[in-house]
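Here the structure is laid out as structure tokens; the discussion comes afterwards.
Chain lettering (A, B, C and D) follows the sequence in which the chains are written, and residue indices restart at 1 in each chain.
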Amino acid sequence: MKVGFIGLGAMGGAMVANLLKGVQSLTVYNRTPEKAKPLVARGAILANTPAEAARGDIVISMLADDPAVEAVVFADEGLLGALPPGAIHISMSTISLALAERLATAHRQASQHFVSAPVFGRPEAAAAAKLFIVAAGEAEAVSACQPLFDLLGQRTFFIAAEAPKANLVKLSGNFLIASVIECLGEAFALTSKAGIDRGTYLEILTNTLFGAPVYKTYGELIAKERYTPAGFKVGLGYKDIHLALDAAETLAAPMPIASLIRDRFLSLIASGAEDLDWSALATLAERDAGRNSRIATTAGTWTPR
Amino acid sequence: MKVGFIGLGAMGGAMVANLLKGVQSLTVYNRTPEKAKPLVARGAILANTPAEAARGDIVISMLADDPAVEAVVFADEGLLGALPPGAIHISMSTISLALAERLATAHRQASQHFVSAPVFGRPEAAAAAKLFIVAAGEAEAVSACQPLFDLLGQRTFFIAAEAPKANLVKLSGNFLIASVIECLGEAFALTSKAGIDRGTYLEILTNTLFGAPVYKTYGELIAKERYTPAGFKVGLGYKDIHLALDAAETLAAPMPIASLIRDRFLSLIASGAEDLDWSALATLAERDAGRNSRIATTAGTWTPR
Amino acid sequence: MKVGFIGLGAMGGAMVANLLKGVQSLTVYNRTPEKAKPLVARGAILANTPAEAARGDIVISMLADDPAVEAVVFADEGLLGALPPGAIHISMSTISLALAERLATAHRQASQHFVSAPVFGRPEAAAAAKLFIVAAGEAEAVSACQPLFDLLGQRTFFIAAEAPKANLVKLSGNFLIASVIECLGEAFALTSKAGIDRGTYLEILTNTLFGAPVYKTYGELIAKERYTPAGFKVGLGYKDIHLALDAAETLAAPMPIASLIRDRFLSLIASGAEDLDWSALATLAERDAGRNSRIATTAGTWTPR
Amino acid sequence: MKVGFIGLGAMGGAMVANLLKGVQSLTVYNRTPEKAKPLVARGAILANTPAEAARGDIVISMLADDPAVEAVVFADEGLLGALPPGAIHISMSTISLALAERLATAHRQASQHFVSAPVFGRPEAAAAAKLFIVAAGEAEAVSACQPLFDLLGQRTFFIAAEAPKANLVKLSGNFLIASVIECLGEAFALTSKAGIDRGTYLEILTNTLFGAPVYKTYGELIAKERYTPAGFKVGLGYKDIHLALDAAETLAAPMPIASLIRDRFLSLIASGAEDLDWSALATLAERDAGRNSRIATTAGTWTPR
């Protein structure tokens, strides 16, 4: 099987390293080709255009946002024009429902297959092949992708034939993660101001009802106020909440907590915190309680305001 | 060791049943004595007043709210007047920080000990001796209570010498649970309106990042819209969010999500849903999305509005 | 002076009637030409395309939303291609800042002038020539429009040379109106539930600190629960709040009350109330308080839920 | 007619000065008697206890909060014990519904009359005898108070026989004022960040739909960021929103905007701004937009955070 992979960021790079363990012919493309070097050293073939990476049986895209995916797919020398009939495009990026729908239609019209397969997991999980994959598309096409999913993740969930539904599950999941961060922020602001030790408090939470990875991972970042380096940036968190709210709007399903979180992210962006880890959302509840965190960043010290 | 127990509701009754397995002399008191009958049949001694239950080494109170605890402790024939010097009062109820402080002071002045030890867990967990216990008080007094805690729960966390801190941890924990319910409500409203199967959605959540008891327990109630019989009523959830906000006010630590949840509970109460399980909070996001749940209750059908 | 007017809805129709009092040659266009009939009877000339209405000195557009304006301006046989060099396009619609910017650029490139001049006032105010006009654009072009503004409104405010600033003032003003509706809704829900007469309550408000038109107009609709016929529909209110939030996002200026109102409008839309007057926003606070309004509409009875 | 007056703060002092113009015998009491001096110089009689001020036909209390009123009324040497049968206590303070109810009952049992008559207006309005008075109580008692009300205010509104209803109207009115401040704060944050002049923006608002005193007064303070000296302090604003929410809770009428404002006030208090004018609420929207106001106060510079 010949596979292509487009997008070698923190997530994509780690995923390609795992694919190389099982895929014979793996062609990779990245806008800035330097990122491909270590992967080429391990056997990947370098493509100069998205089209060159899309001439096999399956091409995977893992990019930052809608515009990046649109650029790679619809451009001249793009993925859509090069992918052979019957071949599959797996979109693993976190994108809008509208774009997922548009991709599904475009690939169908080009006699190609489209599988929407966004993932849950930060770069560490990608590196450990521990991603969770939520897949939607024609059942046969999804089945054909399963061997690749098995190289990338610990479990795949098939959700529906309609591609955008996988993206909705992903976006709603990111909303739930952000809500955990915000709520932990409020809980820590309250208990820390009362003098309760942050580590002890987190230990109680994660050893009782809140023993899920989401509480352990983000609880530790918040307890230690370790918002840099970013595993997932404020700017990306804002983007995803925005996409969730776009979907909520289209479906006419109001989400007041999501709206509140959107405003909180916007406030972080207004104060220059766009590149901190999105768990920095938690600093705002502490700021509102009069606690003045000073976060060390590569660019100096940042204080929520 | 002679132990007394005051309050034989769904929680207290189950706890007494477990204490009987390890305590030789256990005296129980309930305002309506009928509830004591099955426990007396299993070896408990019936007290006619709180005072009668408080004449041993340790007396435990497990009651619905602040007024119930105040009535039992400070009344004529109350616990405070009867407890011998050096004996311990363990308050396991979910009460305000202000009352915990008042109890600590009153017992100290009476040369008694006070341990604040609220619990996490619904009646099923109490019955299975699987409660989590958060304890605060003088270290020595807490140690003396440990054998009883071991009969009641799966783990005890010692938090601080100051009694109210245990209550703050408990209230902040209940806030976090309520926030999970609200956020799951919003996520289900969104995904259900898009046609995603509720069971499949929950399975994805709980098998990925959200594998904690709080998501499993409440996710299942919400996915199946099973809001009756109540494990923990809307009215009690409202009370606890209120106490958390009271603490937040005293500490000057604003909690916007808690405020939103408070208003949601108030809306449930205004529409007559006070006796549903507090997971019915999730119905409001679905109502706002135009989904018209019809909840079967013992009193007929209830529809969120 | 030859003037064109595009868009003969409730607002545009009333405005044309006033322009006819002072403009010699007035050409009008509407997508559905029947609406032009009474105006033609009073002296207006009927155009078959936007282009035909744009061949004079000034053309005014007054349309429902961004897509309607885009269709009229950028289409073949559209306004942009037909407007002579040096002529002026006055956009009085409530549109996005992005579209205002795009229009300013397009007209500049075509050697035409663009004046952004959105208005405050409902159809009654338009009919009475009592609109308030907020104008932005090159000072000279705005001056040239003043005689027309004087026929349409009671006062014109010049805000800046940059066209989008007029739109921002308009959108922020509509946000403030919506916030008055929401807050009055909460205040009426509270006081009505306590048994205070709605008319008396409104009289107190409007005769003390709240004696502005916005409180009188909307206070009366809310006090009498008269949400139909709509002077300004829920759907349009939603659109405007959305545009305000889009601007807030671009500027990174979080507006939590606007977010809350957006969610409320979305809830109205989800329950089928899109065509009620936007003051129906106030029904949600009353619904949340358990008051079950039943609103008579042309389509039957509507109950907030 | 012999009148007593208790409470000589910024409001009470100005009110007594006006009463002296029409009342023959006016006895005044203040906890710190120095404040009475200028009034005594103008003819007032100094009382050493609340009781001494309460031995005439009518006694007025104008105090900061519930505890202050309780102290004056129910203490030994308090108002309740001294007021003759048939005499009237007019409570003009902004107090809780619960205390108004308690006062009504206590006075009835003592064969005295109680009139609840809170006012709208800042100290300037009190000095100019331009207060608005909202009165509730037995119609006959209210009528007997009318000559005094005419000396103090520009208009009296009779609302109901039940005393607490006047307090509910007052509290809901203060909620509406606070909501205007918050919403103006968001609107100014948005438009100022876009470079629109604050004075021009306010002029447009107050000359169009928002021409009420509440917009003029608070709009000017916000436009000029003049938050000190305080006409009405953040701490008092917080108290009143809290009382409004207490009433909302008792009535089961959720008020989400009031909840948001409560949290905003709490954030101001946490950052040390308790003594600024309550219009400083508007600084938080500007802070969230990344605008760093620096407010000059008597204690130095304060920056919202």
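Note that contacts are C-beta pairs under 8 Å (C-beta built on N, C-alpha and C of every residue); 3 or more make two chains touch, one makes a residue touch a chain.
Since the model is a prediction, treat every value here as computed from it, not as a measurement.
Undergrad: Can you spot which option in B-D, A-C or B-C is basically A-D again, with over half of the contact pairs the same by residue number?
TA: Match found for A-D within B-D, A-C or B-C: B-C.
Undergrad: Quick check on subunit B against subunit C: do more than half of the interface residue numbers occur in both copies, making it same, or fewer, making it different?
TA: At the contact between subunit B and subunit C, which are copies of one sequence, the residues are largely the same (over half shared).
Undergrad: With chain centres taken as the means of their Cα atoms, state the distance from subunit B to subunit D in Å.
TA: 40
Undergrad: Give, as an integer number of Å, the spacing between the C-alpha centres of subunit C and subunit B.
TA: 52
Undergrad: Centroid from C-alpha atoms only, then distance subunit A to subunit B, rounded to Å. What do you get?
TA: It comes to 37 Å between the two C-alpha centres.
Undergrad: Could you list the positions in subunit C whose residues touch two or more of the other chains?
TA: Expected reply: 248, 252-256, 260, 263, 266-267, 270, 288-290.
Undergrad: Show which residues of subunit D lie in contact with subunit B when the two form their complex.
TA: 242, 248-249, 252-256, 259-260, 262-264, 266-267, 269-270
Undergrad: Which bits of subunit A are touching subunit B when the two form their complex?
TA: So the residues of subunit A in touch with subunit B come to 120, 132, 134, 155, 157, 159-160, 165, 168-169, 172-173, 175-177, 179-180, 182-184, 186-187, 189-191, 193-196, 200-201, 203-205, 207-215, 244, 247-248, 251-258, 260, 285, 288-290.
Undergrad: Help me check something: in the complex, which residues belonging to subunit B touch subunit C?
TA: Interface residues on the subunit B side: 263, 266-267, 270-272, 287-290, 292, 303-305.
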